[in-house]
Each structure stands twice: as structure tokens, then as C-alpha cells.
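Okay, so subunit A shows up in both of these, paired with subunit B first and subunit C after.
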Partner chain A sequence: MKEKDRLVRTIFRAVDEYNRGLSEGGPLEKSLDKVLFGKSGRLDSLGLVNFIVLIEEKIEEEYGMAIVIADEKAMSQKRSPFKTIGRLAEYVSQLLEENKNG
Partner chain B sequence: MADEQVILITGTRKGIGRYLAHYYAEKAFRVVGCSRGEVDYELDNYRHYCLDVSDESRVKNMFSEIRKLYNRLDILINNAGIASMNHVVLTPLETVHKIINTNYVGTFLFCREAAKLMQKRRYGRIVNFTTVATPLKLEGEAIYASSKAAVASLTEILARELAPFGVTVNAVGPTPIETDLIRSVPKEKIKALLDRQAIHRFGEFRDIANVIDFFISPKSDFVTGQNIYLGGI
Partner chain C sequence: MIVRTLLERLEQYSESTAIIHNDTVLSYRDLSDLINKWLTKLNEEKIGPGAVTALIGDYSPDSIALIIASILNKQIIVPLTPLAETHFSEYLDLSRTQHVLDLRKGVCAFSMRDAEPRQNTILRELIEKERPGLILFTSGSSGHPKAVAHDFIKLLSKYQNAHKKYRTLCFLMFDHVAGIDTYFYSLYSGGMAVLPSSRNPADICSLIEKHKVEVLPTSPTFLNLLLLSEEYKKYDLSSLKIVTFGSERMPKAVLERLRRIFRDVRIIQKYGVTELGSPASKSGETDSTWIRIDGAHFKTRIVNGVLHVKTDTAMLGYLNAESPFTEDGWFNTGDSVEVDGDYIRILGRESEIINVGGEKVHPTEVENVIYEMENISEVVVYGEKNSIMGSIVCAKVSLLAEEEPDRFAIRLKQYCREKLPRYKVPVRVFVVNGALHTDRFKKRRQQE
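== the complex of A and B ==
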């Protein structure tokens, strides 16, 4: 549970930074299940790109690992890891595990 | 502004990349370079990484270090490239993989990671390398020319995808220059090639630097998706 909290806190730091850089549109909410991307999502494709880059950066600062979130697996999953922050956290947690072991 | 700008150049061990590393270091840019091997020179404001440009994790780590050290990247020059003259029938698959990996995959990877860093400051200049071998349809250079055709296409599309980030993406296509890349090409072939240019001479490093200077100027913020061939092709 603690590990999950650490990861979510890290992603929320990316949310803070994303919101600080907003010139238009509403801020992202720090919620695990609000839809990020898709029909009812807050982010358009450029916003998603910005947000993913920020998460990669915060993950690297926190864990010292340079990961690529938009990898082959992420792009081919039926259940998109980019839909909510909760799903993103799950996916990133898998990537971190693989990175530790590999 | 130049004294603060960080420029990343790939393939700086020899040839054009080596020249550009010295050229921009002299102009007081902070220069980061990379190549598969060590370089045999030292410059005050130059930092070198040994890596294969198509090795994703090594490339990622280098970009992480650039972010930690400078927290910015203003310019990327995707110079690293390899060529191999061969008739298609005699071309080993391994050669094709190597050329595509260095020339195309490497360029893609560096563009992707550079864009992540550049978009933070909403500013960036990317210059890729194409070749006159593509429009001249040079026999014996099918793989090299087509790998660079892919770079030309990548340049045009990335120009559109990265425009919202304030990043321009352009390409320069040199003519033959007397570097290692053409060392093995027969003299008469080179002469025939130079004859097809509007201006019949070898290119020089300064010709390339001149086009790059134009592309990377802060004033060139309305110039993107362009591919300039030298020599009048």
C-alpha cells in the first residue's frame, strides 16, 4: 500500500506541474478515477503528451529510473493505461517492477 | 542567448559531427556530443557520451543526464549516419539493419527524447540529415538513400507534430564531402555525381554549418518541415 501511495503522490506532482503550466482549459483533478483521455476526458492529445512527459520526469526524480510510459505494451492494450490516473499508476508500477528486475 | 544554449550533436567522433562540435563550442554553445567510441579531442564546453544512437536505454539515460545538468535542450543535430555502397543483390540483411538503425531509428529516438525536453520551455530546433543520394537515385546506395528518405518523411511529419511545442524540425542534405563516408566510392563515380549538381564541387563542412545556422536561429521560428539540399540538386 505504501508503494502505491508513493507512486500516486509522484503522479500528483506531475498533475501540479501540469496545472501550473496551463494557459487554457480547466485544471486536472487529483483523482484516481476521473477520465483523463477519451470522449469525456480532460486532456486532448497534446495535453496527454505533456502530462506523460511530466510523469516520466517525476518518476525519474523519485525512483532514479528512466522509463518510457508509451511503450509497445501500453499502446496495444485493450484496456488503455492512459484512461485514468489510477490505471496509469497501475501501469507505471508494472514498468517499475520490470525495470527493477531487468 | 548563445552562451546559454545547449546543443546536442550526434556522431561527433569524426567528419561533419566533429567539425560541428568544434564550431558550436567556439561559438560558446554548451555542446553535448555522442558517438560509439571516445573522441580524441577535448573542448572546454563539450561533454561526450559513448553510445549507439539506436540503444534506447542508453539514449534515455543520456537525456536524463542532460536534464539534470542543464534542465534544457535548445538544439538537436542528428548527424550520426552510416553508409554502405552495394548492389541490392549483394547487400547482406545485417547491413540493412545497421543502416536503418543508425540513420533512421537513431534519428527517431533522439527526436522523441529531445522533444520531451524541449517542450518544457516551448522552444527547440531539430536538424536532421538527409542526402542528395535520395533525389539523385544513386545506384549502389539503395539502402542508404532510402533510410534517408525515411528521415526526410519523419522530418516533415514531426515538424507538424512538434509545432505546438515551439519546436521546429528541418533537414539538410549534403552533397559528397571528403569524409570517411565516401572513402570507398570510386573517383569516377564521385565525379559523375558532382557533375549532376548545379555547382560542381565537393561540399565543405562550412556549407552544412551555414544551413544549420539558419535553421537553428531563434529568428527561424516560422521555418519548419524543410529539407535543403546543397549544391543545387
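== the complex of A and C ==
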């Protein structure tokens, strides 16, 4: 679980920065299962893009790995990785794993 | 004829100073003598009419005299500055250069190349009509350079009416259409051309002071550097009457600062296109980012927000690409513009527009806002592909004093959010060390 915590902490740092830079309609919550994007989601596509770029930057700082979260692959997943922060964390951990192995 | 006009004027102005370069002062008579010396030399080297001749060098009395001698000798001239060195072999191939005259070491080194200019329709026409030609290069949006062929006589025709004598600093490059415009205007009008050996702000200011320069044609990037360096405070620049800038859009904040510092100087935007030459233009009275183009020789129309131009000084065509002219002779400049009556304002290259989820963003608009912030040295805004929005806006910024990058990014986003719609606010912000401009003092907009 330690690895997961580290990842969630990293994503929450992106939440902090998002809230400081361009909070839209109140701050983004540090919650794993609040709906982030999609039906009744907190973010619109522009908000999502900004948030994801911040996560990518924080991941790079923390893990020293450059990953691209929003690409064709992410867009074509059956379960949207952008629905909640929990889902995002799962998807990112998968990317980090692939990155390590490949 | 236009070339004869130039010779007559050299004669007429004989005792006036034509060129100053380092410690060399040339009168118009000295320049005439130098041109004749080069004509003899070209003759000895058996370089005659129609020969495609590359001239490598930067500004010097010799390089200018050699260009004029080559025009008189009806050659096709390919000026190349050392800055373009990495492209030399490509440029020489594209232009089908036969003779290379290299002035870089102070003496002229002649060499020959195998090339068949007559196989190119445009070059063949110039050769058969015995018209002097000029070949310039544009980087083109595809990244492949295009060779632009001009009839030199047509290009010079506009200077027949040049009559305002100024002391002008030839800041813009020797191989650039606006640079060529600068020194030919100066020579046709009997003015004094001051040739720089370096283009850093201190050296330029020192030349202005020393030679009481009145006109400085330059770029927005250089003017920004000049303000940042504060070198203008150390020199007497009171001789300056006119500063012109072209080639890029001027950030509003820079323009306003310039106006405050140089109160008695007219600051004018010029519009020049390698394919079309430089038209005479007048800036709007109240806001000099608006330009009024001399409609007699330069007809304009706007198609979908993009400027189209029709002019007699237009190039003959590209040597290595299809003719870009419509059947009735209009040229699509690719520049997005705003229009207000007779006036136009350049918004930027159409190809640089960032499409964020269907919304158009002009990089310069965002750059203007960022320039208003504290601690900014230079800014470049560009687009990056993104699978959610199509593209996102990114900003590369170099700072005056060190600032923690994450903090700065937040500050930038907050500032932009107050001034711009959300989709125009940079998503990615890079803080970089060092210059964001090229050696030609133009913005480096491509990503590395």
C-alpha cells in the first residue's frame, strides 16, 4: 500500500496546485471517489486538461519519469480513467509500471 | 532605368558620406570607385550576366559594393550571412549557384560549383532577359526552406522616389528583405548607412551615439532586449528620430515602455514579406501597432481574416515550389490580421494559431498579457498537441530574477485568468534560462 499512498500523495499535490492556480467554482476536493470528470463531474474538459498536466509534472518530479496520461490509449479505455481521482491513480500506477518494465 | 538612377545619384551625392563601418568612412564617390573595382574583379573572374552568384558575408563596404556591382553586371545574386552557415549547402543547391564569393575573411575567396540554372524556368527567364536577380530564402511552415526569386530591378523600382536623407543604422540582416530595403533606401536617398559589427544592445547604442543615428529599423525582440539591458540609459540617443520594427507583432507592454522612454521618437511598425518586398507603410496616429499600407503599389484584401496582397514588387516565384499566386496575382501572406478601414493590425502567423477545442488562440495575445507581469524577460507562447482538447496553450518564459518555477507557474496562471478567457490561459508553463530568440533577433517559436 505504501506505493499507492505515495502516488495518491503526489496526485494530491497536483490538487493543491490546481486549486491555487485556477480554482473554478470552489476548490477541487482531495477525495478518491468524488466524480471528477464525466456525468455530474466537477471538472469540464479544460479543467481536466489543466489538472492532468499538473499530475504529469508532479509525477515527473516525484518519480523522475515522464508519462503522458491523456493519450489515445487513455481515451479508448472501457472504464474512463478520468472519472475519479481513485481511477486516475490506478491508471497512473499502471503507466508507471509499464514505464519501469519497458 | 532604375540602375542608372542609382549611378546618377552616386555621382550627385559624391562628397556626402555613404557608409560608415568600424573606422572606415566611405563617401559616395569612394563607393562608386569600390563598385568599379569589383566590376573589374568580376570581369577578371569571368563572372558575367546571368551567372548565379552567392555572396557570403555580413555588412561591409565591400559586400554592399559587390552587390551593386553584381546588379550592374546583371548577375543573379544569392546573399548569405554567416548565421545561415548550417544551411549553406542546401541554399547553394536550391539556388543553383555557380560562383561563390566568400567575403568572410576580409578578402574575397572565389570558387566555382557545378550547377545548371537554365534548367529552372524562372532562372532561365532572368538569364534570357538579362535581368539581375535576387534569391532569398524563407524557412516556410513545412520546415523546408523555399528559394524566393526576385527581379532585382522591380524590387529597386520603389526607391526612385526615395528622397528623405537620414543617418540609418543597418540593424536588419544583410540577406533579409528588410535589411536590403534599409541600405538601398539609404543609398538612393543620399543618406548615411551605419553598418554594425555586432547587434548587442550596448554596441548598437554606442553606434547611435557616435554617429548620431536618426533611424533604427529593428525587431520587437531587439527592442525588448534594449529595454531590459537598460543600455539606453548609458548613451546619448537623442539623435534618434525614427525606430521601425517589423517581422513580428510587438508586445503592447514593450511598445508602451518604449514610448515612455523615447518620447520624441516616432515608433513605426513596418510590414515586409520576403516574397513581396517591403511596402511603404504608415503607422496609425494613436496606436502604432496599426499600419496603413501604401495602397498605390501594394493592394490588400482580407480573406477569412488572412491578408492577401497584390503588388508589382512581388517575387517571380519559388525556385523549388509551386507558384503561390492566385490566377489574378494575389498572394496569401498567411498573416492573420484585424482590419479597421484603411488600417490593418498583424495578429500573427495563421499557422501559429492554437486551436483549443475549436477556439482560436493567437500566441501574441497571450504573450502580451504575460509581458505585463513583473519579472519577465522573454516569453514564447505555442501550442502542444493534446488528445482531450486537440491542442493546449504552453508558455516558455525566461525571468529577470530567479523565482521558484512552480510558484511562478501559479502566479502566471492566476494573472492570465484575470485577463483572458480560460481556454487562452497557458496549461503548461516552462521557466527557462537564457535567450528565447534566435541570432536574428526573432522569436524562437518552435519547440526543441
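Throughout what follows, the second predicted complex is superposed on the first by the 100 of 102 C-alpha atoms of A that agree within 3 Å, B and C clash if a C-alpha of one lies under 4 Å from a C-alpha of the other, contacts with A are read in each partner's own complex, and residues count from 1 in each chain.
Note that in this section a residue touches a chain if its C-beta (ideal position, glycine included) is under 8 Å from a C-beta of that chain, and two chains touch if they have at least 3 such contacts.
In this text the structure is predicted, and so the values were computed from the model without any measurement.
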When the two structures are superposed on subunit A, do subunit B and subunit C clash or fit side by side?
-> clash
So, does A:48 touch the first partner subunit B, the second partner subunit C, both, or neither?
-> second
Check whether A:74 is in contact with subunit B, with subunit C, with both or with neither, and answer first, second, both or neither.
-> second
Considering only the touch criterion stated at the top, classify A:60 as touching first (subunit B), second (subunit C), both, or neither.
-> first
Where does A:90 make contact in the superposed view: on subunit B (first), on subunit C (second), on both, or on neither?
-> neither
Looking at the overlay, what does A:20 touch: subunit B (first), subunit C (second), both, or neither?
-> second
Note: overlapping subunit A surface for subunit B and subunit C spans 46, 49-50, 53, 57
Listed in rising order, the residues of subunit A that touch subunit C in the complex are 17, 20-22, 24, 45-46, 48-50, 52-53, 57, 70-72, 74-75
In the complex, subunit C residues that touch subunit A | 356-357, 386-389, 392, 406, 409-410, 413-414, 417, 422-423, 425, 427-428
Touch list for subunit A against partner subunit B, complex = 46, 49-50, 53, 56-57, 60, 66, 68
Mind pulling up the subunit B residues that touch subunit A in the complex?
-> 56-57, 60-61, 63-64, 67, 116, 119-120, 164
